[in-house]
Amino acid sequence: MRHTHAPGTQRDTGRIEAFSDGVFAIAMTLLILEIRVPQPPSPSEPADLTRALLDLWPSYLAYVLSFVTIGIYWARHHDIFKLYTNTDHALNLLNLLFLMCICFLPFPTEVLARFMHDGANQKVAATFYVVSLVLPAATWTTAWLYASRGYRLIDRHLSREFVRRLTIQYLVTVALYAGAALVSLFSFRMGLAICIGLTLLYLLPPRKPVYVHEAQAA
Amino acid sequence: MRHTHAPGTQRDTGRIEAFSDGVFAIAMTLLILEIRVPQPPSPSEPADLTRALLDLWPSYLAYVLSFVTIGIYWARHHDIFKLYTNTDHALNLLNLLFLMCICFLPFPTEVLARFMHDGANQKVAATFYVVSLVLPAATWTTAWLYASRGYRLIDRHLSREFVRRLTIQYLVTVALYAGAALVSLFSFRMGLAICIGLTLLYLLPPRKPVYVHEAQAA
Amino acid sequence: MRHTHAPGTQRDTGRIEAFSDGVFAIAMTLLILEIRVPQPPSPSEPADLTRALLDLWPSYLAYVLSFVTIGIYWARHHDIFKLYTNTDHALNLLNLLFLMCICFLPFPTEVLARFMHDGANQKVAATFYVVSLVLPAATWTTAWLYASRGYRLIDRHLSREFVRRLTIQYLVTVALYAGAALVSLFSFRMGLAICIGLTLLYLLPPRKPVYVHEAQAA
Amino acid sequence: MRHTHAPGTQRDTGRIEAFSDGVFAIAMTLLILEIRVPQPPSPSEPADLTRALLDLWPSYLAYVLSFVTIGIYWARHHDIFKLYTNTDHALNLLNLLFLMCICFLPFPTEVLARFMHDGANQKVAATFYVVSLVLPAATWTTAWLYASRGYRLIDRHLSREFVRRLTIQYLVTVALYAGAALVSLFSFRMGLAICIGLTLLYLLPPRKPVYVHEAQAA
């Protein structure tokens, strides 16, 4: 009687990608629930709906910023999973951790939208939002560092230069988000501006992967 | 050592379609959350639930209109992606922008439903709703203009006539929605009627693509 | 220059099934949002959470009933789409209409849960819920009648007997739901009991399709 | 005229897996809706947002615990469906029952988060949450017992030893969750600690299936 360990539990990246895609799509769509229909101040006096809808501009801004941010993660998630030749238990868990941070975003988005008008709390709200943007960037970068270290799970034909550049890019992104969080403690407008700038930069086409002929040694 | 750029980051349309399908499905399903269970006016006197459920008719109407509108976009999105032979970074971003407008719809749907009874604000609510219908139509058309211009991303065997007709159809649709928005500033019933009419028209089977034997020059 | 009409817009059933599956999954998951966390009667006196959680039993019951009902539709939707050899524009629209009725269910589910305790309104709430169950059954049956009539879109090797039996089964189901709606106007417990009975019956394995060797004439 | 029963209604596991994946993704993403934006105590005095966001720590904890728990079920669901060679009507229903318990989790998660600060109700809230964790574990185990009994639906090349070990593992898990529910009646911190411990244990890589050369007799 021969015992063999089947490759059955070796998870293919296809399923993780499909699952992550679903989470991205739902998180993006749930963002709209943070924009609440304006309530009349009292049943007797009629609300001025025009004014109320215009006053919701922080909600619209927060909606767009969070939607585009998650949308970019969606697109980049696909690109990076093309670099992985495989996945393992640790990468699956890191990906789950990353998705947990993505799914958290509707909450700080709503906090930002509600308190951007409130002089006493706008700084706190913006800082909370920016810190919430550090989290997915940090977990994303951790997953990349784990997978790319010694070509553990990435294609061995990727050029060392390309891998090094991507690593630097991700680390700089985390540093910039963390810096934006610090900055927003003093000037919440400046902190948010850095995040918007980063998002705009990431709208540019991603760096194309460069492959070399010989497999790289670990 | 040979360096090559892999086609790895060239996104296939299949994944965009699946992702967009997910977003359509979630946006449609979230619409029901805009219909709120009627609250009793005060805990002491019992609510007349029959009356309350009937009074929600603007919510039902808004639900059906938005559901069918998004449903049509879902069906047409599939058709149009059959015309694309490829996608690029710009089209991906335009598609993301379009989806952002689709995901926004539950909010104006709720605004419309809440204020259709409110004489002082019904015009504003309807105009806001119709403007929100202009947005997906406009981004959709922008994506088409980008992709079809000089046969950039569409099948080169599509007849010039068919491409021109689709372009005109989309531009007219945007114009009609924009017109409806203007009209609803004066008569909100008329503005909404135009939108309902457009939706009914789009329930008709779509124009079949016409292919020609020779590839069209850009 | 030869003009041809491509089969490009002929929608394959695979995509409709995947889309419908997504809608089923979301509608089922959204049901939980109808169960609201009990609020303390006043900030000063502490709430009795045990009592409050037990008092939510109509919410749990409504959750289970609606969840299982949609779950059965999900399973049967798959079975019936195996009988279709094709789909056309009208069937797509009928399917969209059916999904619109499925997505509506979280609302009457919440109405039922909220007013089942309320002596003055429990009859209305139950009737509203049962009527909402008539809608998907009726649109489902309409789609089947359209597709099966003269073997329009179903496999021509299905036996006449099997098609006839399924037609009768669906028509009887609609009649029973409609009857339950009438009954619940007088006894809401009886009306709900009929719906629960129908759901239990549909938990039985579905009738196996019977195929015959020769294609059936229209 | 030959009558045959087509294998058309024999559901392939692929579709159940895709559907279950969708439900997992939505249930995880909906968890964020349980965290509510802090409301100012009164419109006149400004809220202290920093304090309010920090006071939400039970919500963050409950979010993370429920997210990771459902995430683990997602990963294990995939592994276990690789052991099934087939599915039947009863297993489909058991899977639906299991998903109903997963979809229920956002509610007890919110109850736990709201009442963890409330001395009079924290025990009840925690017990309710832990009982809600017993349900998916119990339905999961029931499905496994049904499918594995006499190798009814699992691969006949799985070693008896492996099947027995998995059965024991699942039964022990249910017993531990049930024990945690009892414990939380006396010490809610201890009850939750057991659940967290179980979740951490399940973060370890799953046992690899062991296959033997000869098919096992029932």
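Every chain is named by a letter (A, B, C and D) in the order it is written, and numbering of its residues begins at 1.
Definition applied: a residue touches a chain if its C-beta (ideal position, glycine included) is under 8 Å from a C-beta of that chain, and two chains touch if they have at least 3 such contacts.
Nothing here was measured: the structure is a model prediction, and the numbers come from that model.
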Over half of the interface residue numbers used by both subunit B and subunit C, so same, or under half, so different?
different
Distance from the CA centroid of subunit C to that of subunit D, rounded to the nearest Å?
26
Could you state the distance in Å from the CA-based centre of subunit B to that of subunit D?
36
Sites on subunit C at which at least two other chains make contact:
18, 22, 26, 30, 33
If every chain is a node and each touching pair gets an edge, what shape is that graph: line, ring, star, complete or other?
ring
Can you list the subunit B residues touching subunit C in their complex?
18, 21-22, 24-26, 28-33, 35, 37, 46-50, 53, 63-64, 67-68, 71, 74-75, 78-79, 82-83, 159, 203, 205-206, 208-214
Give the list of subunit D residues in touch with subunit C in this complex.
1-6, 8-9, 11, 15, 18-19, 22-23, 26-27, 30, 33, 89, 92-93, 96, 99-100, 103-104, 106-107, 110-111, 114-115, 118, 120-121, 124-125, 128
